[in-house]
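Paired with subunit B in one complex and with subunit C in the other, subunit A is shared by the two complexes that follow.
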Partner chain A sequence: MTISLLQYMLIPLFSALLIPFVARRRGKLAEIFANVTLLAGLINIGWTLLSPAVLASGFSVLAEDGFSLLMVLTIYLVGLCVSFFSASYGQGRGVNTAYFYPLLLVSVAAMCGVVTSTDFFTLYIFVEVLAVASFALITSDDGREGVEGAIKYYLLTFPASAAIMLGLAVMLLSAGTFSFDSIRIIVYSGASAPALVFSLSLLLLGFLVKSGVVPFHVWTPDAYQGAYAPVSAFLAGIVTKISGVYAVVRIAMFLRLFETGAFRLSEVLMFLGMVSIAVGAIAAMKQDDLKRMLAFSSVSQIGYIVLAAGLATPLAFIGAVFHLFNHATFKTVLFLNSASLEKAAGTRDMTRLGGMEHPMPWTSWTSVIAMLSTAGIPPLSGFWSKLIIIIALWDAGAVTYAVLALLFSALTLAYFLIMQRRIFFGKKSPAAETASEVSPALLAPAVLMSAVIVAAGLLFPYFFSYLAETIASRMVL
Partner chain B sequence: MNGSFATAWYFAALLFFIGLYCMAASRNLLRQLIGLEVMSKGTLLALIASGAMSNLSLAQAVIITMIVIEVVVVAAGLTLLVKAYRTNGGVDVWKLSSLKG
Partner chain C sequence: MNLLSIPVLLPLAAGLLILAISDRTRWLRELLAIGVTAVCFLAALNALAPALLGQHYQLTLPWLGGGMDFSLKADQLSAFLLLAVSFFSLLVSFYAFSFPDKGKAKWFYFNVLLTQSFAAGAALADSLLALLFFWEGLLVFLYTFIALSRDTAGSRATAMKAFLINGVTDLCLLLGIGLTAYLAGTMSMSEISAEKLTLNGWGGLAYVLLLIGALSKAGAIPFHTWIPDAAVDSSAPFMAYVPAAIDKLLGIYFLARISIYLFQLNGAMQLVLMTIGALTIIIAVMMAFVQQDYKRLLSYHAVSQTGYMILGIGTLNPIGIAGGLFHMINHASYKSCLFMTAGAVERQAGTGDLGKLGGLFRAMPVTAVCFVIAAAAISGIAPFNGFFSKELIYKGTLETGWLSFFIAAEVGSLLTLASFLKLGHSVFFDKRPDELKDVSEAPFSMLLPMLVLAAVCVVFGFGAAIPAAYLIGPALDNLSLFPEHALSGFHFDNLYLVSVIVILGAVMNHVYGYSAARGKASKSSDHIHYAPVLGWLYALAEKRFFDPYEQLMKRVPDFSALLYKADRFFDWLTDGLPVAAAGRLNDLSRRFHSGSYPAYMLLMGLAMTLFVLFTANSGGIK
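And then the complex of A and B:
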């Protein structure tokens, strides 16, 4: 564990323990407690990253790993949006706030544990804690679909955990340690270690299943679609990214240091990333359920991250980490908007929606911003991360992948424009006649996240210098 | 030492694949959970074997923590089983098909 970041894990955990006692009588207290905890954490991490002294030094005074810090910021941002949203959304839905908010905070704590851990074993433990908390969250409205999604998630995640445990056993045998730094030194010293490569590939297999990359993506659409609406934003926005993709990117950082053996593994990673981009985008084209479409789009965007991680040049890592951040922002907006739509119009079925921009202008506009960012339209943040990834691919000579990534980016724009037209534009449907805009409390998280998307796009030079200073330059020994 | 090590890994692999087969072949959620358990016992055995081989004190801490995690995971699985039984009236995983697209 990085000791200076331990507070981000312990404080939510402590509030999670406190809430069931405090809020037994009054459910409102649970909401206030959770929101205040997350807001305080967000302000704290925001100040750590963006205080004038840090900005003036060009981020070189940050001693901690830049990847961890940025992920902590993302976790708190998404956590705050989701908990603020569910405070107004959950009324009258039979969700017990005295259990829901502690679980939310436990998963925030577990995610902070994942991103601040400095060895594979700690990382694995927190991933398991996160998984158990997220099953409970998925089923928190006790719906039939939620239980089904959770079971599918469970039945694929835990065999993957078994693969990770096996990988840890082989790693214990071949390296004698789990620490990232020691393994980096062992790898860098040039000792060709087939057993170590084998253990890393077992870990990679497990984490690829957990991140929902094709061909292991079967659980993602079901879990996202079935989950309680604010929870699906939480899952798609951050949980599966931290429990799977984060570790994949971490492991990919080692693969690059190997002399020969692990190169094939990187190539497999790139191939799987490309396949996910393609399959996710094509499957998203023909979905009728909004949440399911967004889930496939999520599979496709994860593909970009995995593709860049597999390429494993410093520029590609900058692109991967930046895309991870961007994915969290725009996917949270889109899922929260789908929840708002469901609340206002009573359905997520795109064939029955239409002309929703007239009653719901704010939802429509935030959705346009998020969708353009996903599709990579300048000057929004998604454009820059995709651009970096494609330039990195081109630079490394993977021209085919670069061209394909560009083409499928256009396909992303296509399916999102289809979605936007079917739901928000066009003639007023019967659902749009009766619907009205949701309350400001439900709009605030989406508006905040859209502001972050625009700001991250416009202030891209700062982001790039942050990532270059804290990740790319410190990656090489 | 070497002989017992090979035996341990042989049984670890055997348990792993028995568990995997049990998960793949059965339709009952409870049986799948049992298969999952068998599978993770196999991996625990592998961990114990490599801990004994490498003679690190780290291994003991790892194995004890793993056992605790497994208990939590099984508890989560059983609650899902109960919830599935209450909402669907059965535990057949092939009948879980209300989510489609």
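And then the complex of A and C:
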């Protein structure tokens, strides 16, 4: 962990500690405190990544681990959107701001810890911190569903922790270290290390469960559906990605270094990714509850990332990381919009919605941008990441996977179009008669994220050169 | 400016100009068209003269590249054809001057001029690609010509019929040309002729495809069915111009080109050609014999006479080919003349129904005389031109040794004469009905072309040496054929005796039919029309049972229904099936994602166990 990245973890943590004392009686102050902290962090990391000097140099002056940097940016972006959204959303729902915002900031701090740690043990510690904060966040509002979701989340992911701990134990016994660099050196030395591979497979299993890949996905729909609305966006957009998928990608980077022995594990990874894509997409088609549908869509999109990670070519990693970033942007928009809908129309049951475009044009059109990006329509950002993944698959000779990924991308578009028609287009439902657009404060995060989606799509060459420069050429090769 | 560009470009420009001329001007369009066709005729004469001396006008322009040049060449055969095309264009332009029922004058002359332009191009083309270009252009103007000649549903349907039949056969031509060019390695006909293709393998297919294109243009069976329909649904000038003259000229010209010039045919293909010729003669003349409409009767004869030309060229010996080419130009002259008389009678008497006409000789003496000359010529009565060309064809047929084709041709001759006896008798002789008392002679502008054509019939008959020396002989030279016999001259040999017998037979048939019909000339074919078996066949033919186009069109709805069903099936395959499958999988997944904690836990445990077992086995703690 380098000093410069440590600040992104420590500052939210201090802020979280401060809020319960300073803002116990004044809720507004807690909101301001949290938002300012996250905004400052976002501007800071944004400047680090996108200052003219950095852009002009083609990102070669960045000394940091590029994957981590991008993830920190994503964490702050989603964190800011969610906290800003919650500020206007939470009134009258029994949300205690003095607990909510500190938990949010602790989550952000923990996620930054996850992505900046350089050994598996530290990583695991932060993942557990994140999990604890998340359990609590899910139950933020006064609904019963949240409790059910939290319990399911807890009980169904604890085997993951067991597997990870087992894996860590085997790793310590066989390699004597947790550090990424040391393990890399051991692998490079060419010594046959079956026990090390086994330990990595156990770690992989644990993180696969945490990322909700089929068949370990069963907790995700219930947890996302039951959670307090802004927390759903937080969970789906960033938390499960950092606590699970990030580590899966990291481990996949090691797997490709083994000469033999680990390729079967890579194949398993690809297979599970494909199954996730398929099951998630098919299950999403006929859901009536919007958030449940989005949850299955998440499962499907994570499948793409895992599929690419399993392929483990430099191009595939670029696709995987870019898709990870894109997924955070579009899924946050969709979940935030589902929260807006719930607030405006009083329901997220798609059978009772319809024609919502008339009262809520902004919500509708940010949804359109996000869902087209998810489905991979050019020139939005999701198109590029899927394209890279499919090209990588094709280049590596995994033609069947490439074709299937493409076909299920069409299915993605299908279920999102069904969603858009059932909710926003078509005849006005009774709910649409009485509903009205939510306040600008609630729209702002979705609009910001939509702008990011469009910008990332249009400025794709910059993104690509960043990813190629910092990830493909420095970390993978 | 090359001379050859005049007959192609001048009518094209004039045709487009005619569309721009105001409707309020009188005679301007007509005069322009006549002037342009006259100039083209002179140009054609100028092109023919050096060709006879072995000097060919040529025009070669780079076109599509890759050896595909746009090349025109006026060798003897092409120059002959160009002269014929220009000649008939001039006469028809003149004839249509005061012909009322030809559609809008603007469109009529537009179609005449563009047809002329493209026909001249097709006749002159030396590159097969240029030929195809002009040939397909003719197809377009065939459609517009018929469709714009009358404003009725019938004419539009017939135009579509003509378009579809010729469109399909032109497609065969296109494939044939592609194949020929591929086999020969060049598009130029004169280059191919230096090393003729044979009918082995792909060459056979290429020839058959080209043959279909040529026969369809000439209007041979079974591609003829639009011609009798056009006779009813279109105007006399159109019939006199396109099916009677231009189409026959080009079709037979191209047939001679491919059969003699480009390919080396064998005995089997000779038999095929002669069979098609004989069948065309007999079937079409049988149909012509019983017709009750002036133009429709003539149109069947136009088909029947094509049979003679195909038979002549199919003999593959110089004398038969000379007969075929001679018959081509003769037929064009007398058949155009006959259609012009039909137009004149229709204009003056107001009908073309044989049952309602009669005794017009007194009222229209010039028309009647022209009719008699042309009818005698088509029936092969000496000494008109038809006699000489038919005699050459008979000789050629006998030389091949196939007597049956000779007999078929003679039977055709007999029935031709019989049907013209019936036609002439019922229109110009017999009793004149009361309604036709005030009928007068047609105007001069219509009489002149008829007279010119009748004169051609006479001159090419008595003076058959003229066309033999200047048109047919050089054309044969061009095809490198050198006949052993003289091409002209009158012989009192056995063939002449046969023709006398044929004439007597036809007259006897007519006398018998006339008396059997109790003095009604138009019914004098009824003894054959309603004979047993034949009557049944005729009834079927009248119902268009033998018309491949109509039969196919009748199948179209069924076929469409089948395609519709196939389409629905594919729709179901792409839309219905995936949706149903996705729906089924969906229900399955919904039932599974019940929220039941124990089920989830079980799955999780099972999956984790499998994962560990699998990876442990491969990653290897063993």
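Throughout what follows, the second predicted complex is superposed on the first by the 474 of 477 C-alpha atoms of A that agree within 3 Å, B and C clash if a C-alpha of one lies under 4 Å from a C-alpha of the other, contacts with A are read in each partner's own complex, and residues count from 1 in each chain.
Note that in this section contacts are C-beta pairs under 8 Å (C-beta built on N, C-alpha and C of every residue); 3 or more make two chains touch, one makes a residue touch a chain.
Treat the numbers as computed from the prediction; the structure is a model and nothing was measured.
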**Message:** Per the contact definition in the header, classify A:Leu156: touching subunit B only (first), subunit C only (second), both, or neither.
**Reply:** second
**Asked** In the superposed arrangement, does A:Phe216 touch subunit B (first), subunit C (second), both or neither?
**Response** second
**Request:** Please indicate which partner A:Phe121 is in contact with in the superposed arrangement: first for subunit B, second for subunit C, both, or neither.
**Result:** first
**Request:** Would you sort A:Met165 into first (subunit B), second (subunit C), both or neither based on which partner it touches?
**Result:** first
**Asked** Thinking of the overlay built on chain A, is A:Phe33 touched by subunit B (first), by subunit C (second), by both, or by neither?
**Response** neither
**Item:** Dominant toucher of subunit A (residue count), subunit B or subunit C
**Value:** B
**Request:** Have a look at where A:Val147 lands relative to subunit B and subunit C in the superposition and call it first, second, both or neither.
**Result:** first
**Message:** Contacts for A:Gly176 in the overlay, against subunit B (first) and subunit C (second): which applies, first, second, both or neither?
**Reply:** first
**Request:** Check subunit A for residues that touch subunit B in one structure and subunit C in the other, and list them.
**Result:** 152, 155, 159, 221-222, 287
**Message:** Residue numbers of subunit C touching subunit A in their complex, please.
**Reply:** 582-583, 585-587, 589-590, 593, 595, 597, 600-601, 603-605, 607-608, 611-612, 614-616, 618-622
**Complete:** In their shared complex, subunit C is touched by residues of subunit A numbered 152, 155-156, 159, 163, 194-195, 197-198, 200-202, 204-205, 208-209, 215-216, 218-219, 221-222, 261-262, 264-265, 268, 279, 282-283, 285-287, 411
**Prompt:** Can you list the residues on subunit B that touch subunit A in the complex?
**Reply:** 16, 19-20, 23, 29, 32, 36, 39-40, 42-44, 46-47, 49-51, 53-54, 56, 58-59, 62, 65-66, 69, 72-73, 76-77, 79-80, 83-84, 87-88, 93, 96, 98-99, 101
**Fill in**
Residue set of subunit A touching subunit B in the complex reads 121, 125, 128-129, 131-132, 135-136, 139, 142-145, 147-152, 154-155, 158-159, 161-162, 165-166, 168-170, 172-173, 176-178, 221-222, 225-226, 287-289, 292-293
